[in-house]
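Going in written order, the chains are labelled A, B, C, D, E, F, G, H, I, J, K and L, and every chain counts its residues from 1.
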């Protein structure tokens, strides 16, 4: 089973930025934990601040991987293009958020990408990623 | 560890109603599976079609249980009263949806209760409940 | 042929409340008339001020009755849960209003339940119920 | 008793157009049935695709007929002028729709003409017209 | 000096319809008065309930008359086509209303045609027409 | 003089819930104080989390009591049914809020029930109830 | 017959300010013309840039004058207080605008004061004032 | 204890203006009653139709008085400046309305000043002022 | 191949009206050019300012012609009835505009008829009609 | 004559993605056809999923090419930056869409880029590109 | 060079009011600093809480001063009248705010006056005034 | 002191594009002037049309520079991702605009990035950048 994690804008600063919201663990260290937890799953990781590169990556992996975890960060609320990319590929995509986006500013309550994802998980901190993989494992069966 | 599952309106018809959206398993059978999966956790189940009884249950368990899974069904989008109840209790509440509510009618894209929950999981079918418990287990640590 | 009439909040006060809008006949007396008019139809009557109990009743009769007349009163404009219940059951539901709701306050112009009913009748006073039954009789053929 | 039926734009195509919504009976044939059903009522029929001609007809019959059935088609949602015409005449007007307009596109959920009608019937197919006449008969007493 | 008065939908019923708003004088009689008041002005009168015929009349007189008084009735609030016709012609057009439209329903507060008129007069009863002609006389100088 | 106090959802948790907003006194103790303050007034108290039961209580007391204090909690902002119930009864109803609802989330700034109450008092903590009774005493004269 | 003209903010700059919209005549000179035109009418003039002083003037003259012409300038679109003042006095008030406000920015299309005036005249340049007096003369009869 | 009452625009006409809404007692006479009722409290009264003068008065008394009653009239719904003034001073301010503003036009349902007041009382006629002082007395303790 | 061109309101004035937007060629002359360009296609032309007559024409040709070019002018943005007529007929309809409607007033950015057309061409001046025919030729294959 | 085609996000997947909307031909093959059709025109092709690279390309060719065809895909509805780029260059830009965007989700009905294009063609499948070039050829003359 | 600073409502309380937003320096002391910094510029200062007096001052200085700094406080978001006054005068006006208004309540994000100013500076504390003068110095050249 | 200037989309065309709005000086030449003006400050310059690269640059310099000037061009109004990036870094960011964005199209009146900047300067042409540096110099003290 192969899973791609795609992190969008500003998530490269995890562990540095706004720790009261996002925690103080950087994503690479968390990825190590994740790999140890799911030893039978190949987990690829990609981060970009560029909307179009996220689309490129979705195209690249979206016809062969067993699932994609997408935390589109700020693009979640503004990108029709990523929304279309998710629909265009065949791999199931799960929307992931570290924080509970619904408890923050109003413009974060609308997700343009959610309608084309199979599901959405938010608010569990970095553990949201683990839950999404758990969900995909069952989903594939 | 004690967890309460609260299901809102029409979820008593699971397995009967709109199977293309909700699947054909009724919740009681699923609950058996869940109990076997989490043998060290006490899982209580409650369902009501009455908004106020959901609030009563939240009050009853919300100061002693380790976590609450709330699928408020149609009340998700209309109930300020349940939203307030979640804030009033001390147990962490996870919002759970069987279907991907964001892929359905527009009025289902707004959740009045989400801001007071710790997190939200939707779209994984009945497996959404398992994922929520998985999330709560880590959250409590 | 079996038909269920469900009246929502405040309709227990018919004949007492705002007579210039609703008339001065109480519903029980009207029901007598209705029974005499449709001698070959079994008409059951239920009234509740509780949203969830209306849902309970819809579930109870909605898989066996030949039709349901629903005057959801104030819940017409606010209840996603009743809307979902109508969709969940298999009996045809007709939306009924005594007054012409479109001639009253703006918030009464939106019906959340109408999209899941087969049709809607409003403005004929209590006679709206008779017309709804007339309609259901032809609909069933 | 004299009743005028006024059908608005595109209703001349009944039986031809979008049969899954409107059925395959044309209105003239239905009118025959209606005349046989209500032998003691004189039913006149008029159809026009022109908004202003519908107003003309309302003016012509609206001070002498015992009731008017108006299916204003697409003008239902856009015509202040027809709304004003209904208010200007003295005959009671009933709004009639073949389909359940509330289950279709959002712009069909708003009726500009309903506030000036005595009542509204929708969703019973062509039988909506018969119900409207049934309603008017009682209304006049 | 030649002036055209164009009255829109339902204004043929003046003196009959809603007298508490529009008064009990019919327009033909008022026209006599107007002709006597402005002996040196040729005043033509046209009324139609058909939006497109009002446009036809605007085209017909709009390149030769010294001014046009337009009471578009209900089309005031809905007709882009009449708005465009006013812009297309060269004669100055004055918007006239018998009642104070701003004191009535909210949808009557928006005039689609006003931006292309030279001015607007409302609320003076039938006397609004006289004032509009008075205004046009000065305007032309 | 007989007065009914009706408290809506979550107000049973007063003294427990969000003390920085609602204070730490529970309502029963406050009721004792109130009874001592108004010795000549019979004050009945009712609390329910169920929208429909609040309506039932309004019906029960609304034709015989001299006044009703209604703190509808979260239902204040969403319940057309309670609004209708207030209009249906004859006793004067005062809207009461412990906190200044206008200083909280935007959705709390709209009260669906206020238009049918005689007046509204908010922001004085539990003392809002005393002021409402003071107001009713003068109102009845 | 006594008439008060009240000009609101920035109208003291008439003849100086934005001549392409307002013309190059200052109001005092126009007032001379007006006085000569209506020799039998006493016309008082008042201008203020202060919202509250406009209200003071309305109170001062609004119970004894035969009519008031109010060009409230920018306050037209924002002042509930002036709207209330117009309703509070007994003299008839006519809303006057020099330019066609409907052909300018969108926020100028809404008049808060119009609903309480007897009528409204706009777009005839300074001649709008003369027309308003003409209108009032007939109105008083 | 020193309390300042500030009345906004048009409230100088109390007893004269729209008696069916505001009653027929003028404020000065009511003030006498109020002074007799609260003999141990010094009550100062100020009325102005000018928004800025209301702000001036708030500044003048807002750092020394024990409480302020503010009936901002029409400015309630439009004045950010008064809202800011209330926040700027240290004395507690109570919003007071004679009529039930929520039962009137929609634009009166929004109060810009309420969020910065400690509480709000409306609908009890002039007695609203007495209740506000009663509330302030307890508040100060 | 038979194609019908239908031009809506004010397009009879082409070559006369607002030349800076629509050019100075009248449509009849352009039609000559079009006929010479497409010698193998029969092109019929119809213009009306009446909404209902446009619908009549759509009904008349809409079951036999190979394609329809519809420039509905101002009705583009307001006519549900024409929208319905397009859906009701079987011939493919192309929406055509001479000017770039998106570069003009905001209300011209919404097309009610576009969803039922096969495609839309705007902004190429009269050449938009030629392009639409070019498109229909390929579409039919 | 030199023309640049710019395709935005996800259009690299043409022939693969959502074939029921976009057809099963990939763009490179279509380009061959286009080159053969317009032998005297040099047609350059560029595709990018990156908003900023589309802007770069517009800058690069926008001062020397005879025309640009822009199918901005999902950026059509969200990109002020591309809108500004179109305005900044001197070459005429035509908006092109394969599908009829007006018949899809509501958010696709608004085009931010259309106001700065000379025209817009949508709904003719890949043939929309050919029509756009046909249009540009005439436009340049 | 002569420059006028105009401060609007509540800015007389600078140094006293909400120090965490506005700092603890009063404006008079800051003015001394400013005068020393710009020794070759005559800086006049005016403050008023009255909207109309701000307009008066703009009229008084707006045809002779080299520039005006306007901090309209709460009137920034509500005053069409001040907006018009800025347009009416010939001196360039700079909008100044001490705090970053965009980081505060939503209603402070809209400035009615900004469109008629030459530019806007906010968020630099009292130093915003110095920057505005720096800007005006270059602007005048 | 080290300051980074970041210019967003289309600003590479300065001096070429829409000179009536942006002037005819290109930014590189202006930068020379700026460097000479602030000899003690190191000013770095970066321009990109790619949203994500602007974010990259903000991350790169945002933890070490003394200040950042950001003119995000069209992304100002649409980019949640850049807004988040500004919050994520520690250097103070000033929003800069050459033109007065508030005097242009309505969609340019909303800045998504402003709430996370320390302040905002717009409308002074290229001099806006100098003013921003002046402001930052004082801010840092």
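We adopt the following convention: a residue touches a chain if its C-beta (ideal position, glycine included) is under 8 Å from a C-beta of that chain, and two chains touch if they have at least 3 such contacts.
Since the structure is predicted, the reported quantities are computational estimates derived from the model, not experimental observations.
Identification of common neighbours of chain E and chain K yields G.
For A-J, the equivalent interface among the listed pairs K-L, D-I or E-G is D-I, as over half of the contact pairs agree by residue number.
On superposing C-alpha atoms, the copy chain A sits rotated by 120° relative to chain K, to the nearest 5.
Distance between chain F and chain H, defined via averaged C-alpha coordinates, is recorded as 23 Å. Between chain D and chain G, the centres computed from C-alpha atoms are 47 Å apart. Centre-to-centre spacing of chain G and chain K amounts to 31 Å, using the average Cα coordinate of each chain.
A straight line joining the Cα centres of chain B and chain K is 54 Å long. Shared interface positions of chain C, defined as residues touching 2 or more other chains, are 50-53, 78.
Chain pairs that touch, as defined above: A-B, A-J, A-L, B-C, B-F, C-D, C-F, D-E, D-I, E-G, E-I, F-H, G-H, G-K, H-K, I-J, J-L, K-L.
Listing the residues of chain I that touch chain J in their complex gives 94, 100, 102-103, 109-111, 114-124, 127-128, 130-131, 134-135, 138-139.
The residues of chain J lying in touch with chain L in their complex are 50-53, 55-56, 59, 78-85, 87-88, 112. Those residues of chain I that touch chain E in the complex are listed here as 8-10, 12-13, 16-18, 48-53, 73-78, 107-108.
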